[in-house]
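These are the structures in question, set out in turn.
Below are two complexes that have chain A in common, paired first with chain B and then with chain C.
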Partner chain A sequence: MQSSNAINYDYTVAKYFTISAIVLGIVGMSVGVLIAFQLAFPELNNLFGEYGTFGRLRPIHTDGVAFGFTVSGIFATWFYVGQRVLKVSMAESKFLMFIGKLQFWLYIIGVAVAVVSLALGYTTSKEYAEFEWPVDIAIVVVWVLWGVSIFGLIGIRREKVLYISVWYYIATFLGVAMLYVFNNMEVPTYFVSGMGNWFHSVSMYAGSNDAMVQWWYGHNAVAFVFTVPIIAMIYYFLPKESGQPVFSYKLSLLSFWGLMFVYLWAGGHHLLYSTVPDWVQTMASIFSIILILPSWGSAINMLLTMKGEWGQLKENPLVKFYVLASTFYMLSTLEGPIQAIKSVNALAHFTDWIPGHVHDGTLGWVGFMIIGAIFHMAPRMFKKEIYSKKLVEAQFWLQTTGIVMYFTSMWISGITQGMMWRATDQYGNLAYSFIDTVEVLHPYWTLRAVGGSFYLIGVFMWAYNIYKTATSSKAIEKEPQYATPMA
Partner chain B sequence: MDMEFIRNIQGWGYVSMIFIITIGLYAYIYHLYKSQRDGVKDYEKYSNMALNDEIDDTLVEAKDPQNDAKDNKER
Partner chain C sequence: MFHWLEKNPFFFAVGVFLVIAYAGIVTILPDFMESARPLKGTKPYTVLQIAGRQVYIQNGCNTCHSQLIRPFKSETDRYGKYSLSGEYAYDRPFLWGSRRIGPDLHRVGNYRTTDWHENHMLNPAAVVPGSVMPKYPFLFKKNIDLDTAYAEAETVKKVFDVPYDKPGMPKLGTFAQAKKAVFADAGKIVAGMKNQDVKDAYKNGNIKEIVALIAYMNGLK
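Coming up: the complex of A and B.
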């Protein structure tokens, strides 16, 4: 390893993934807003023929925001945070720089093929695992390349100890690798039996086994895409932006192991009252409740990091993003376990309360952390101050209003829906038909779509602010140590 | 091997694993706090890895102390 004299961190790959996070965020969330309006106004399904129907667009939304926006954000922050906490530059290894760039371009090709194939209706019909086997293989290659980057950088690091964020990034890598490979074990029908298209496949598992593997994957995709790497981000960006050391480093370590220990058992709560063994359901329900402990361990650790420094919340809009993200993390990690209690689930399952829960987590926690992280990284990557602080503030309040509109409308409609579905008259007949519920819930579905639109407008404001920061903002001479400079 | 036997193995294996891992986790918590209290290891100093993360900042704990002493001198 050469001397660090005159070496600077190299953010080339981080910049690439920042751009893809913004672009895929806009694509994924625009589709999300469109399908939210489709649920309220079904005639919108007819806009683009078969390509504009809810069934075609829904996986583009979910996979677009999860594997497009979020995964790009994870990669962007890794290629930024990884170098800094390990105190080693990508510029010190031509090999790692090549691997990083290769990973980016293969990822972009994979995303393009995935979007086109979903739009054309090619799907394995497994939720969040809709891609056919050729796309799966491309994803595995991209993921392995990321692993090479992670362990390659760790191999040439100067710091002996791995900072807690690096633990979480490693867990993301290992967790997703394991989940993705096992859930996507599939049989290519053409090569095995000569039936169907060459790219078509069916799951290797059958019946309730398939359901169990699918939700072991589905729930842990939430764990290792929407939780673990986002904790990696907050453990770096909140302390760094506020200039405060993590409240308790020891608590961060034991929350890490607690989360790893508990999360993997909770997936069965998606299958309560179904045909999977009863003990699987009970175990999942119990582990979901225990999951509150490590989740709140991290979230409280973050809030306590701001102890005595709450004034920053008024001055610094990025601290606002991080603190609200942490708060939404607490909210959704309390709400999830409540929904996993069997008696609550009897009411909540299949209702709007579920997407309500998902979105206070994804919009409030995941979205705010990635948006806030990129705001922190942009001036350091482009050597320019943030173009407009007022725009950041306006974006924050608009998006917060959007999130609140989204989850409150879904809470009310979900619980109303659940109550109406199981209401009976004095003779035990169902009191309401399906269309009765639709009429009652329509205003809330409209509210949800409007809330989602607010959030999407905020994403456009973010994209514009980052674009102007990179192209026409005032240059900064020296990199700020803590708070991000803003005009 | 009949199904009853397999289910028994699964059940006992599951319970023992939960028990062992729980003990392990609590032992780890005890180890962290005891090491800090007895001055064996200061875990809290690792927070500085995020705060002082310029490439020429002083290392919290050098991976290769000899090379890095030289590195730091050059910086």
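Coming up: the complex of A and C.
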């Protein structure tokens, strides 16, 4: 029981979710690339009739990458990391194995219904909470099953102390549960009036209150889907891959509890200068700035873990993914608070700078961590070497180039449009009509779509590499301790 | 204390939950009732407008168009008076949007007409050269879902006490009454349109989605 090799970990469910992360990543990002090109070339809206317009596809992109790609990645890593840090195998409990598989298949059914219903126009319109109530119920069931897995595995653990990653997984479970339930409170109209479409519902909250609840959710969905579980991943995979102990336990404590406390206050920064109470806006602005501390705390803790070991960046492409991910995390968590300053937000809100900010976080931080985590897991799950190290290297540079093209073009386009909206001539009249401020964005939108395509091609390279690893790579006899073996 | 928590998952989870939960309570609850009040003169949507609003939501118009005019001169010059909280009291869900790929629509009813919308929805670039908005020919083909629109109105009336059928407020009545009112409202929009298919459909007792959408947008003031 002392050595981790003595336990025979069962990665069945982790493998399932690895596959769904790859497939849904390709689906979600392909739709993303398509809608990016639609902005630059509007004729592309007419490809699939009413089902192919930007307005219909955009939620499929955002929900596809958030709840498809990312959540699959979270589940896949949990079913891998959870066993290993708790020193217990899924094979030891038939019950947990059943729950894990049930969770996967319900999740797949939920995803299928969600995609079809969004394409048909069944949407609540609330961002990242577009699903109508039947899908919401499916999501809650899947989530509860995941909770059973987490606490079930914790219940039969051998290692009594919960490792840092487990704190973050628990927080992910609790945070998303709370946010999702309260933001999706809705009344199905069919059950009240007995007529009309039974999928349809109305929100429990109206107007400014609906906006408050929505952005309390929307912002913190970012916290508990794109931040907290990804930190769980980096706290496991970076030390494992590099063979370095985490730099500071105290810093990880401070960052964890700091993040938990501060994050939830900041949602109102999506509503600056709106009709929600002024004090809420100011409070959100202030807490957004404070949020730099716990965010950078985790990122610095990770970077300092590599202290004296930077040579690994040359040899090991996975360390590159992790280090660049924490760097993008720092960039993104500095950029966000800057945008939450009221005077900056007056310019940035409603412009491309916002999706630009989202994407340096999601592509650079979330995407790179999930890709890097699965590269680390694959040889240990399939007992094979990674098929091609060269391909991993090429993917890394192609995707990094794509990200840089993406966020630089969006910064320029966002600030350009924001400035043009407020520009006045010498008499104080508005200098530009709205369409002037759209036409000027064409080159940036094209560049953004090309950058996104680079990233998507990288995802295909990743999928191919993992596929070849699982099917036709060289077998390894003993599980590698640190650096992932690559052919 | 932290070492102890890390060995006791139950109390750890309770601790995390308490730390994350109360920010929501402190920021959302205090002004909840006040934020729910309508302005004097703000009226709930007619059933035809609700049908149009559902079309607006189904097609994700809110992904590109905001409905929130911020209190800056550059915005009030462009879009009209800045938005007030009470104006949204009957908006379930709110439709403020987060990105202006197209212009704000909170007061679009003040400066666009039925005729303008009809031409624009068929081919936006023909009306606004350089527009990146998709064409919406299918709105001229599909019928509105009157049952669901009525169900929504009845639901908000029953559950949230939205003041339909009160003095000075829109009539809802029974489904048969509401249907009659919807056809009367739609007739006014159809009269201002050129599209022969839409007119013929109306004569045959069908209302196309475009009619409801225009009714909704004309009401945004």
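Just so it is clear, the second predicted complex is superposed on the first by the 479 of 487 C-alpha atoms of A that agree within 3 Å, B and C clash if a C-alpha of one lies under 4 Å from a C-alpha of the other, contacts with A are read in each partner's own complex, and residues count from 1 in each chain.
Keep this in mind: contacts are C-beta pairs under 8 Å (C-beta built on N, C-alpha and C of every residue); 3 or more make two chains touch, one makes a residue touch a chain.
Since we're looking at a predicted model, the values are computed, not measured.
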Which of chain B and chain C A:467 touches, first, second, both or neither: neither
Which superposed partner A:9 touches (first chain B, second chain C, both, neither): first
Which superposed partner A:165 touches (first chain B, second chain C, both, neither): first
Touched partner set for A:296, first chain B, second chain C, both or neither: neither
Superposed model, chain A: greater residue contact from chain B or chain C: C
A:126 touches, of chain B and chain C: first, second, both or neither? second
Which of chain B and chain C A:253 touches, first, second, both or neither: both
First, second, both or neither for A:143, with chain B first and chain C second: neither
Which superposed partner A:261 touches (first chain B, second chain C, both, neither): both
Footprint overlap on chain A, where chain B in one structure and chain C in the other make contact: 160-161, 253, 257, 261
Interface residues, chain C side, partner chain A - complex: 2-3, 6-7, 9, 12-13, 16-17, 19-21, 23-24, 27-28, 30-32, 35-36, 54, 57-64, 66, 68, 70-72, 74-75, 77-78, 83-103, 125, 128-136, 138, 145, 147-152, 154-156, 158-160, 175
Contact footprint of chain B on chain A as seen in their complex: 1, 3-5, 7-9, 84-85, 87-89, 157-161, 163-165, 235-236, 239-240, 243, 245-246, 248-250, 253-254, 257-258, 261, 479, 481-482
Touching residues (chain side chain A, partner chain C) in the complex: 38-39, 42, 45-46, 49-50, 53-56, 58-59, 121-127, 151, 154, 160-162, 167, 170-171, 174-175, 178, 182, 187, 189-190, 192-197, 200, 202-203, 205-214, 216, 253, 257, 260-261, 263-265, 267-268, 270, 273-277, 280, 283-284, 346, 349-352, 354-355, 421-422, 424, 429-430, 434-435, 438-439
Chain A partner contacts - residues on chain B that touch it in the complex: 21, 25, 28-29, 32-33, 36, 43-51, 53-57, 59-64, 67-68, 70-71, 74-75
